[in-house]
Amino acid sequence: MIKTMNQRIGLILFLLAAVYLILSYQLPSYPYTAVDADVIPKGLGWFLLVLSFFLYFSKAIETDAEKAKRAIPKKEVLVLASVFGMIFVYILFFELIGFVIMTAIFIFFSSWFLGYEKWKTNLAVSILFPVILYCIFVFALGIVLPKGILPI
Amino acid sequence: MDSFQGLLSGFQVALSFEGIMFVLIGVVVGTLIGMMPGLGPISAIAIMIPLTYGMNPAPALVMMAGVYYGAVFGGSTSSILLNAPGISGTVASSFDGYPMAQKGQAGKALAIAAISSFIGGTVSVLLLMLLAPALSSVAISFGPPAYFALMLMGLTAISSLSEGSTTKALISAVTGFMVVTIGIDPQTGTQRFTFGNVNLLDGFDFLIIALGLFAIAEVCMLVLNRKNRSLSDSQKLGSLKLSKADFKEMSGPVSRQSFVGFILGVLPGAGATIASFISYIFEKKLSKNPEEFGKGSIKGLAAPESSNNAATSGAFVPLLSLGIPGSGTTAVMLGAFLVLGVQPGPLLMADRPEIFWGIIASMYIGNVFLLVLNLPLIPYLAKILSIPRPLLISLVITFSLVGVYSISFNVFDLYMLLVFGIIGFLMRIYSFPAPPFILAFILGGMMEQSFRQSMTISNGNFNIFVCSPLPLTLLIIAFLSFSVPGILNWRRNRKNAKV
Amino acid sequence: MKQLGTLLFICFTAFILVACNSNNAVDSNESANNSNSEDNVNSEDGGKFEPTQSIEVVAPGGAGGGWDTTAREVVKTFGETGIIDSNMAVINKEGGGGAIAWAYIHKKDDSPYNLFVSSPPIMFVPLNGQSDYGHEDFTPLSNMIADYAAFAVNADSEYNDLNELFAAMKEDPESVTVIGASAPGSMDHIQFIRIAKAAGVDVKKVKYVSDQDGGALTSLLNGSVDVYSTGVAETVEQVRAGNIKVLGITAEERLEGDVLSDFPTAIEQGIDETFVNWRGFFGPPNMDQAAIEYYEEKFQELSDSEEFAEIRKKYGWNEMYLNHEEYTQFLDEEKEEIQTLLDEVGLGN
């Protein structure tokens, strides 16, 4: 039944629209307004529901170019996932450890991971970039970035 | 001739040594801050306010105005080079600017942006000078019903913002609209789809969506293509020089969109972001080769760039002549005026002509400075692209994260940036266009609010949209722009079928 | 190889995290000990507190807003006058109408180095169910300034004073639309409701629309709406230009100043009600007495200084100094009144 990519996405969007609609119908009502807060969301929810049907039953066949676009080798998916993992760790410790250290670590490791071999340049950039950015933001512009464990 | 004398006194202020100095400082600082991740004109002005304490109001305000349009001017750099818009007004510039840079024409793209910005800025200052007093009535003529019609008009353009499947474009738009419904509803105070999470009460900042869908999603594509040598084209700066043909191609969009941008800038609430999108769509509809848009079209870059700068000057109309701040940025600008003991408003032109006209006159000079300063910088800026790809990827990610963090100082928003990055990437690989999503996000929220304001005012009567000329006209334009291309298509198809 | 890199990266950060956590733990223990021992010493010689670190002042909104301006001006004047020598920095924590900043400060527990600026939304937001913390969860230190609401109509309007307006609203509530910049149940709405109720209007029927994109004044000028509920300062220039009329303000008595003194109060029109848009400073929930006294004294000194008087004049703020005790009492009374009002409109939670 679920053969084409469009059908799969259609199904996901259908579920999304359904959840959104359920939530819309649970919005509390407010008595003193002509058009309440739930009207537009309900409309949007139903619209997406209809669109998901359209997509599901659409006869459009994926072009080769489109197929090629989403054909990503397994190994590359893993690489992407790792990059996202690194960003996640970066955000996780962003305030705790501080902008400068985390950014330096992040730039160094993610550049290296993605295949940047010149480790000396890498090291220099990953230290200088956050330090300079930090100085500009904090000292020149008065915008506080998390200092974390560093004294300044 | 009062205004003429006023203008003369304005030029006296702007052309004095002090005036020129402060315009220069203003535009330099503005451009630099505008190039910083996430820092747009709002932060630039807020940052500079404390520096004006104790200064004479005229040069101080001339400087602050310089900071404002300088920041808009500088904002396009990261959009074009990295697909990472630093401010919301330059998202549309990335649609064609980034593809151009990828094709190895980074230098040219930046030059086109700078020149379009310059012309947009200058034309609109001219309009500001000639029409500011007269236009103040236009600025207040838009009530909620007219805004609703205007936003609807913008939304009908969604189909033209994308190619390929209309269903997919509509799905993108509807989801974008859904995202903007998250948060506290202004009309009722009801929390919508917040799941009791404090971080969602205000909804999502525009930049989180823009940086997620554009910058982070693009980073994913860069990661996938990091070994692809054929892409090293983009590492070439390309020639800075624009050919005669290039100029010819720019001239149409720039001259039209400077006006469009200015008018939209005059309307409170519309601003540079909406102006840049509408100009982009406008040019695409006019173009004989709309299929070039989105692939590095000169017109597609020149239109939003001239428009967003024109809108910036346009925003000074309600501010200077009415004292009405039409946007968050002009509200902070109003604060800067107040700090200096100047109250912008209907009486400013009569009470303090040297300030009113001084700001306007200084904008001519400021725009010239911006062009002269930015053109020689382009080769250096474009060098960013010759950074080895793995390093560039890491820097863009950092850049986007810092940008989002400096808006709200909230780590939750960083996670959301990641989430929208993943959504943007999935949209990319499954061929769902991102521009309709972002357009619906910008226009949808305002459309819903103005619709419901109108309905409350009219006690639930739909007549309010058709019984006054302005909303009615806009609705008719919206209807035509939606239906005419469809009908034309249908007729063309029928003809083809007959043949 | 590359996967190894990621692993290394994660291990490394995890290591740092653990290391710093233990550091932090030691630090906070130490500082806790220090402050305890200091307290002990201090209480012997009269409980004096002197800041030894830099003081962080949170503005719960974005750059350029009211909270941000107040915080920055106060911090700057503290530094310039030397009333507080320690380094002070303003931090913006925007979001949730303040809720995000309040949640952040609440975690600071008894820190004497984390202050924040606040105003009536710290009552409206929790009462509307949008924040778990209200003013009673923090330590009010000192109120600094006051602002008042103004209700304006178009210059062509048929209404010339509040009583005419309210009479029309009593007769046909549907004929009058009020606009403000905040959502229903928040400041611009409630300040109007409060006065309207005192005048005997059925507050449930007040038609209120909110415009948060800066179009409220525009809508008044082009006649889309009838009444604009806002702050006094926002109206002055338009009144001078003859575009709008101010029907009434919510201060106790007339304000001083050029145009300001022409604005009639609600009270002088026979409506016995006021509304103050106060602005002051708070500390974390369990700030100790010595620190409270320190800040009370410093804020009073600032409020009395010539430099701060200049700043008040610059922004058109009114002086309203309240110390810790007065402030706490004032806030409790205000909150009760607002709660009653919200319940009556049917917005209470």
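Per-chain residue numbering starts at 1, and chain names A, B and C are given in the order in which the chains are listed.
What we mean here is this: contacts are C-beta pairs under 8 Å (C-beta built on N, C-alpha and C of every residue); 3 or more make two chains touch, one makes a residue touch a chain.
Note that the structure is predicted; figures quoted are calculated from it, not measured.
The interface with the greater count of contacting C-beta pairs, when B-C is set against A-C, is B-C.
Measuring from the average of all protein CA coordinates, the nearest chain centre is that of B. A separation of 23 Å divides the Cα centre of chain A from that of chain B.
As a whole-number value, the distance joining the C-alpha centres of chain B and chain C reads 32 Å. Between chain A and chain C the centroid-to-centroid distance comes to 34 Å (mean Cα coordinates, whole Å). Taken residue by residue, chain B touches two or more other chains at 43, 47, 50, 185, 187-189, 409, 452, 456, 459, whereas all remaining positions touch fewer. Across the assembly, chain A contributes 30, 79, 110, 112-113, 115, 142, 144 as residues in contact with two or more other chains. Within chain C, the positions touching two or more other chains are listed as 91, 184, 207-208. Interface residues of chain A, counted against chain B in their complex, comprise 5, 9, 13, 16, 20, 23, 27-28, 30, 33-37, 39-41, 44-45, 47-48, 51-52, 54-55, 58, 60, 66, 69-70, 72, 76, 79-80, 83-84, 87-88, 90-91, 94-95, 99, 103, 106-107, 110-116, 118, 121-122, 125-126, 129-130, 133, 136-137, 141-145. By the touch criterion stated above, chain B contacts chain A in their complex at residues 33, 36, 39, 43, 47, 50, 165, 167-168, 170-171, 174-175, 177-178, 181, 185, 187-190, 192-193, 219-220, 223-224, 226-227, 388-391, 393-395, 397-398, 401-402, 405-406, 409, 411, 414-415, 418, 421-422, 425, 428-431, 448, 451-452, 455-456, 458-460.
Across the complex, chain B is touched by residues 62-64, 68-69, 72, 76, 91-97, 99-100, 103, 128-132, 174, 177, 183-186, 207-215, 217-219, 221-225, 236-238, 240-241, 243, 314-315, 347 of chain C. In the complex of the two chains, the chain A residues touching chain C come out as 30-32, 78-79, 82, 85-86, 89, 93, 96-97, 101-102, 105, 109-110, 112-113, 115, 142, 144, 148-149. Per the touch definition, chain B reaches chain C in the complex via residues 42-43, 45-47, 49-50, 139-145, 147, 184-189, 191, 198-199, 201-202, 268-269, 318, 322-328, 330-332, 335, 338-339, 341, 343-347, 407-410, 446, 449, 452-453, 456-457, 459.
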